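Letters are used for the chains, namely A, B, C, D, E and F, taken in the order the chains are written, and counting of residues starts over at 1 for each.
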Amino acid sequence: MKYKKLEESLLYDGSPIEPFWAFKEFKVKGSSILAWIGPMEIKPEELIDYEDVGLEIKSNKMIHFIIEHFDIQPADIKTCYHRQRLFVMIVKDILSELGIKTTRSGDDIYFEGRKLSVSIATCSNSSMKIHFGMNVKDEGTPDDVETIGLLECRKDLDYKKIQLLVDKISESYIKEIDSIEEDITKTKVF
Amino acid sequence: MKYKKLEESLLYDGSPIEPFWAFKEFKVKGSSILAWIGPMEIKPEELIDYEDVGLEIKSNKMIHFIIEHFDIQPADIKTCYHRQRLFVMIVKDILSELGIKTTRSGDDIYFEGRKLSVSIATCSNSSMKIHFGMNVKDEGTPDDVETIGLLECRKDLDYKKIQLLVDKISESYIKEIDSIEEDITKTKVF
Amino acid sequence: MKYKKLEESLLYDGSPIEPFWAFKEFKVKGSSILAWIGPMEIKPEELIDYEDVGLEIKSNKMIHFIIEHFDIQPADIKTCYHRQRLFVMIVKDILSELGIKTTRSGDDIYFEGRKLSVSIATCSNSSMKIHFGMNVKDEGTPDDVETIGLLECRKDLDYKKIQLLVDKISESYIKEIDSIEEDITKTKVF
Amino acid sequence: MKYKKLEESLLYDGSPIEPFWAFKEFKVKGSSILAWIGPMEIKPEELIDYEDVGLEIKSNKMIHFIIEHFDIQPADIKTCYHRQRLFVMIVKDILSELGIKTTRSGDDIYFEGRKLSVSIATCSNSSMKIHFGMNVKDEGTPDDVETIGLLECRKDLDYKKIQLLVDKISESYIKEIDSIEEDITKTKVF
Amino acid sequence: MKYKKLEESLLYDGSPIEPFWAFKEFKVKGSSILAWIGPMEIKPEELIDYEDVGLEIKSNKMIHFIIEHFDIQPADIKTCYHRQRLFVMIVKDILSELGIKTTRSGDDIYFEGRKLSVSIATCSNSSMKIHFGMNVKDEGTPDDVETIGLLECRKDLDYKKIQLLVDKISESYIKEIDSIEEDITKTKVF
Amino acid sequence: MKYKKLEESLLYDGSPIEPFWAFKEFKVKGSSILAWIGPMEIKPEELIDYEDVGLEIKSNKMIHFIIEHFDIQPADIKTCYHRQRLFVMIVKDILSELGIKTTRSGDDIYFEGRKLSVSIATCSNSSMKIHFGMNVKDEGTPDDVETIGLLECRKDLDYKKIQLLVDKISESYIKEIDSIEEDITKTKVF
């Protein structure tokens, strides 16, 4: 599983959740995590959460992670949501190590009751996709949701620390998936 | 998914990891978590971790959780290890809320470098099984492993708090699995 | 699994067979049966039976059932056709209890050689869908097929009885699926 | 799928539910239905229904059907129970054509409140198995269950008619499974 | 599995790789191989190999094979690529019997370093599809690839021999898939 | 996927086909090919081919390959037999490059009508296993089968060449499986 951090400030408009986006846009082939910092404004036609239809989903500056898995064929959304939860829990755990104590409800992370993140998981027949976005600043987010950004959670965070955070999250997730794969090869089944 | 806390102090000898144990021993039918406090000493013939062959796996007093899932047919060990990781991360998270800061490596939880827990996941064709055991006291554990018990992690823990902890872990896990199931029903796939 | 009977006389134009229709149109989330009485006229672009291409599929008044299942991931059309057959056999059985003796061929029900029903099953990666429609009256059906409606099968049927029939079919199907799920949890596998 | 009727009066002791029984005992290879008339007395060690542990399951004369399917890999018990229900509903339907009106609850068939049949489904990783047994006479059945045999349901049944019944049930089931297989090949998926 | 050889000289424009093409165009229902001799020029919108985007894929005269499998539900691309490899290896083997010694790299066959064939595999949720095309003559192929045609590999090949080759390849593949299916029914699993 | 050549002359008694044999005997963890040269005499209780029951399966000197795959969960025998065929076809192809022209029927390889090899595939819920054995000399094989060994196929083969052959087969198979895995990540699905 490859990890690639994009340097550019890419708009997350919803299209990166489509299968093969990493390959089509960045020639990253196979299972991967791509991460970058950029704004979000999901185009209505790219919405895949039927509960969000009609809502604004946007933020001026977020850390974005796009994950694609090809290891399970056919891909299924149930396994994908399990992995999304693992990812979100890893994020929460690493934030906690940074002194940012959050709460989690499903795939949403909150700091002092304010929403810090958005996430979705989906799949096609051949790959599983996860998006996780976390506000860097509380700017440009919808008016009807109490939101917060990482920089408001902890004042002394700077961009260098945020870059390290992005790397640590990505690498921890990859290590987790690898360790699951390895545990299978040591366990008797009935 | 049912949650049942056993009152008796049952020895964990490895046999509870077998499929249908909850039904055969306690008439608990369907997907379930059973939890209890009791010793552990795994009989060699019940060992299912091929890396543990020849090792002693024991402790005088542990919280035990035995989980069985029937919702995926055929059952597979890969999904089961994903769920095991979710469970272990939920435990770590709830311990953290109690002020017990631990580290995790795969399915093992450590406190100040000392091993607090053991875990395994397995399956038959029709059900997935998870065992998670956490030392209450650091007694009766193998000599060649640095271990610790919950009561050593935080001095003011008492049995009432431990009972609440057991309930909270179980209920959080059930809620997590339910919420994954629900997210599937709102998400467009490709 | 939820059962919802729609009061309105909705046209079945083929679109209800699409995944997530129940949620998008009626906010019914998760596995469900929706039933209603209304006309049918399938738009050519909504046809999913390749053998029906070019045919008229229509009727002035039918009982419609739309079923969606999310319990198996990924969804597959083979399991879905098994469930469709269970549904059709339940319908035939309940009609028989009402004194309406029919014959069945695959997913079609006939009364005295005249076609009483239409049905199709399909799936996306994340849900299985079934449509079953049964003529209430023999009106507005294609000229080249011998058809019949429930009211012609048994003269003393009235709308109240038909409503009870709709409920009984839906509830029997839900009960059947539940009982299968339960049988899994009591049976040894090899 | 092959259908073979055994001439001998074989005791059903539970062992025929094991995978590959048809091949090992009768060289019938591949998916098959074997049917015969004979007694039943299940050996405790052959019991696979955990709810039946400790119960007597026996009858002096039954029609037995043993079905094995290899078409789905890996085999799973959920699909197998769907097929078992199809089989039981086909039996009920054909009995009804013979003028024997029964009721069904899950996989059990009753005549006037008395139990006419027993059934179980199971699987290994590579095949699905179904047993269905129907009393010919109400003799040798457990004392604590109200049972009945086909010959008590309809007085004018003779062995020739019963043989025809066995053939019709088997052939209808095979035809049903074939027709499901065929419907898959004509239906658009999403 | 059916084998049908088309007499007409059909252009392969990429559309035959779509699910249900054989049924929609030629009323061939179920698992099948269709074969014909004709040109190839893939329309950009029909390209399914993301690595080929922007490339010309064409040839004036090729033997085309289009395979569709419905036996595994849900269909998956991993199994499909396994079958594609079996197909390509069968082709190589039969060419070798004709005295045409080729080399193979994945799904490409070369003769003296020149590319003889193209191939792709894909699936929908309900069927697996394979295309394999082999140049008859080295005409009309892309300028930037060294290609060759069968008639250049062995001078004394004529159309009658090529027709026999097409038949032999198709029949060998069908026999192979059947023999796999049969081996399942004789083997103990753990 | 790991490749390990064993130096010792191990008897193939059937037990290496059991899941986790490579790990339990040689600490080779994960998907692997183990190869060695040694005799074969399958113990009746280790026979997993129901068609071979009662037959002698033996040879004084064979090249043995034992393959285990953990990449597909749950494992299934159908995919495993596809891989076995790929393996056998790779062997045939590499023998052909050595000037040894053989014929193949299913998983058996023949030279001038004499049997050169034996093979079986099986699985547990968590791994797929393949055994392929090829006679080095035609000694100690069953009396009732016409057999041959590699050294009889081509007189100038020596042990060094046979060692290279073993390596080439193993490496080609691993490369093939890898290339399939990679092709999945470049192909659009429907």
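Here are some notes:
The definition used in the following text is that a contact is a pair of C-beta atoms (placed from the backbone, for glycine too) under 8 Å apart; a residue touches a chain by one contact, two chains touch by 3 or more.
Every value quoted in this text rests on a predicted model; they were computed, and no experiment measured them.
Following the contact convention of this document, A, D is the list of chains adjacent to both chain B and chain C. Two chain pairs, E-F and D-E, are weighed by contacting C-beta pairs, with E-F ahead.
Centroid analysis (C-alpha atoms only) places F farthest from chain C. Homomeric contact chain A/chain E: same residue numbering on both sides for under half of the interface positions.
With centres defined by CA atoms alone, the chain at the far end from chain E is B. Annotation: 27 Å between the Cα-based centres of chain C and chain D.
If you average the Cα atoms of chain A and of chain C, the two centres end up 40 Å apart. One inter-chain figure worth recording: chain B and chain E are separated by 51 Å, centre to centre, where each centre is the mean of the chain's CA atoms.
The set of chain C residues that touch two or more partner chains comprises 20, 23, 50, 72-74, 77-79, 123-126, 181, 184, 186-190.
Shown here, the protein chains touch in an arrangement that is not a line, ring, star or fully connected set. Chains that are in contact with each other form these pairs: A-B, A-C, A-E, A-F, B-C, B-D, B-F, C-D, C-E, D-E, D-F, E-F. Chain contact summary for the complex, chain E toward chain D: residues 19-20, 23, 29-31, 70-73, 124-126, 181-182, 184-190.
Considering their complex, residues 18-19, 47-51, 72, 77-79, 81-83, 85-86, 89-90, 92-93, 96, 104, 106-107, 120-124, 176, 179-181, 183-184, 186-190 of chain B touch chain A. Taken together, the chain D residues at the contact with chain F in this complex read 20, 23-24, 73-74, 125-126.
Those residues of chain B that touch chain F in the shared complex are 50, 74-79, 123-125.
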